[in-house]
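For reference, the structure discussed in these notes is given below.
Here the chain labels run A, B, C and D in written order, and each chain numbers its own residues starting at 1.
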């Protein structure tokens, strides 16, 4: 499903690569957590898998294509088989919740009959059935996050990339969402999820890939959030760390 | 400092008020956590205190002014004494980190001498000293959140309103930020912080106001995140709840 | 209030919308040039009116031997006829209308003809006797010249009475039509300029609504928020107005004075002074419209 | 490909940018009307050229008794002179240039004069003897009429040789100047129309960059993303072009045919057929420019 080998991403103007010589494989049907400190490269890795960014070095095979070399015109077809939840939601402010979800089906040419059936179903699934006609700025942060999740899963993707999908949710709602993700995963969708939520990672006991400054420092099956490695990220935050002492 | 009595906010088109008959007082120098499920009204309450929204009913006294009746032209002066961190950061995409923080000082007419001293200082404080020349889209989610925090505190406000300022941070960075907030609080700034982070609330043992569907269900001094009340929010999410069972 | 900051913001916004600004400048330029041209035409009409109406006269043509026989059955007008007309013009009834009059005999008419058609083949075919003797009557109020015309039309020995103003009115009506056309085009173009300015400002505000929102939240005053947007429209419109003023001055200098005036030396044309009188009006119109359009456009982004 | 969806998106975008669209429509309308007017003027010049050049002749005026004595010391041209000219025109040297020629005697010239100056006071002063006898020479190639002029200028008994084309060239140069002015204004306005269209589309794309970004991320194809934006510019430009076509047809129908043609019945003017020939060109120009401008403007938002 996903095969990443020796991938490095160096942003222009950045002092060090955001992702630095990373290699791993993910099987069809896996549920993988990406963890690591703020700025460790989780979002960058997910964007590379979506070909929103292109790797500086290495190969990224997703759904049978090498994203580093695939021509632009083949990308849309590839993306139709992926779902994605962004850290910043990326909802359309001038469309209602329903339209936001429907939009992603319309642009890939789904019939309106399909849309009018699938969208209410998925909104009910994430607990937003009653807010279908609301606009994003009329929703709480957690509600917006659930709309983004609904949009990502409405087309039953083969691969779901989720960037902190519970970052703005209270523990109870988070638990509901994770249960939903588990169900989607059981139905066959591969899930890669970046998260800071200790509780969820520890409870689910799935594969955990931990990044530190763009390097994989841990890749354990059935693991938890915490690690025994010393926290070298502190060198990045001298001032704040001093304040703490 | 803050005195809220019988405040209700009913959004147009919403089925129930987002904030429903809420009353409480906050003293100068307090550190208050706002907790509650997704959609319970925390952000709305913070927006009311900033007069980004106007209450449908009730009185809101902040810094000596009743925000429900104060004329628009007096609002800018009032806001200059408040700092605010939004759930969605609200950074300017076409300005660098430095410029984003400096901008909030420039628009209120601070001298460039002051700006060129205060901004690097506050950026170092939140651990972003090295990323001053980056643009927001070149930052990770957690880094953006810290920029937003830096902007809120650079002008040493009397009152800091923070909406999930650690939502996108890993536990270690969160701890640093909270330590920073405690320090600011000790220096005299009143802090109202909406959060879902169980760990922080439980560890700090400060005043906790819990909302449920817009109503205050708990207002305890030196309390934790959890409560013994039954979780009635579940009625809002029928489908997701079913999935879980 | 730090002006440096405001100007930096305007500069950024201008450079971001540069093609928009260029089109505002062009449209303002063209529309105000048309407005200016319409103004020049009106000034020209006014000038010609005072010049020509001043000289406008009624001509009482007396019969000659070669006059058509239905108007002049007795041939050449006798001395009696001349005396009668002279007396009538001096009589109390016509006195209120007549400012002055003079008599032009055959020789004077011939001299004038030769002068007027100098070099023309016709000049050599004409003899003094063929040309009418004429009473030229200058009326006090050109609007009431009909009284004179009526008094002498059909009188024995008078071939024809002609009000010279009717010639001029034709010229004026053509110039008027041209001026109306210029005003019409100017109106359409001003409308598009106003739309354009308000749209640019609105889009500029829309694309910076986050910035505006953040400015409001950190406590910037409305004036501070509004200024860059209004100045943006005003700067573009000012450039357009200046170009239009330049164009109007150039039209007068090179086309009217440099070309027309040398070709038609007997007509008095609008001069640089008229053009220079128009330019501040154009500037005020351009800047005023821009300030208004941007002010209205930005308004709805300013609710706190 | 669901067209309903595309059209809904265009409709939304149009209604959001309505004042922008109106100004595109107005500017396209005005600029294409100027282009059309320039086209009409050129057509008019072409038409007059073929009409008049066709009739253009060289006139060889023979001396009369009243001719100036320096050109005609012997007075009235003798029969010999006429025979010489006639022979020269028939001779082999001039034959390649002359298509045909005819002789106009005093009476014919008088009749023509009376016809031409009917009702004019001059007509009655002229006698047949005063008017020149003339050889009217129709040349094969109007460009080479100078040969004839040179052959007869200065010949004894010939008062003057005049190439009638020189009169026409003056008229044409005036019309040409008007046409160039119209083209110049049209060019400035077309430039602002293109800028305006590309800016509108770019701003429209900018204000919808989130939408575009999301479309790209959910796998919409470039064509799908691009279409609404290009159509938006094209729709506005099409309306402008149609209005301009209507204006051009109206100018021909009401001004040229309805006013000028009745005033100047002897001149042949451009007709509706010319206007109708221009309209598809205006439409193609407007739509093509809009498609190009929007296509280029949207390009940089389409990198995946």
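The criterion applied here is as follows: a residue touches a chain if its C-beta (ideal position, glycine included) is under 8 Å from a C-beta of that chain, and two chains touch if they have at least 3 such contacts.
Because the structure is a prediction, the values reported are computed rather than measured.
Asker: Using the contact definition given at the top, which chains are in touch with both subunit A and subunit D?
Answerer: A chain counts here if it touches both subunit A and subunit D, and no chain qualifies.
Asker: What is the chain whose Cα centre is as far as it gets from that of subunit D?
Answerer: Between subunit D and every other chain, the largest centroid distance is to B.
Asker: For subunit A and subunit C, let me know how many angstrom lie between their CA-based centres, rounded off.
Answerer: Between these chains, centre-to-centre, one finds 71 Å.
Asker: Could you please state the distance in Å, as a whole number, between where the Cα atoms of subunit A are centred and where those of subunit B are centred?
Answerer: 26
Asker: Give, as an integer number of Å, the spacing between the C-alpha centres of subunit D and subunit C.
Answerer: Measuring from centre to centre gives 27 Å for this pair.
Asker: What parts of subunit A, by residue number, touch at least two of the other chains?
Answerer: Correct list: empty.
Asker: Multi-chain contacts only, two chains or more: what residues does subunit D have there?
Answerer: In subunit D, no residue touches at least two other chains, as defined above.
Asker: Using the contact definition from the top, classify how the chains connect: line, ring, star, complete or other.
Answerer: ring
Asker: Which chains are in touch, pair by pair?
Answerer: A-B, A-D, B-C, C-D
Asker: What does subunit C use to touch subunit B in their complex?
Answerer: For subunit C paired with subunit B, touching residues are 1-2, 4-5, 210-211, 213-222, 224-225, 303-304.
Asker: Which stretch or stretches of subunit A touch subunit B in the complex?
Answerer: For subunit A paired with subunit B, touching residues are 11, 13-15, 35-40, 42-44, 87-89, 124-127, 129-130, 133-134, 138-143, 145-146, 163-164, 167-177, 179-180, 183, 196, 198-199, 225, 231, 233-234, 236-241, 243-244.
Asker: Which positions of subunit A touch subunit D when the two form their complex?
Answerer: Per the stated touch rule, the residues are 50-52, 72-73, 75-80, 84, 90, 92-93, 103-104, 106-109, 111-112, 151, 155.
Asker: Quick check: in the complex, which residue numbers of subunit C touch subunit D?
Answerer: For this pair, the touching residues of subunit C are 17, 19-20, 22-23, 26-27, 29-30, 66, 122, 124-127, 130, 185, 188-189, 191-192, 195-196, 198-199, 202-203, 206-207.
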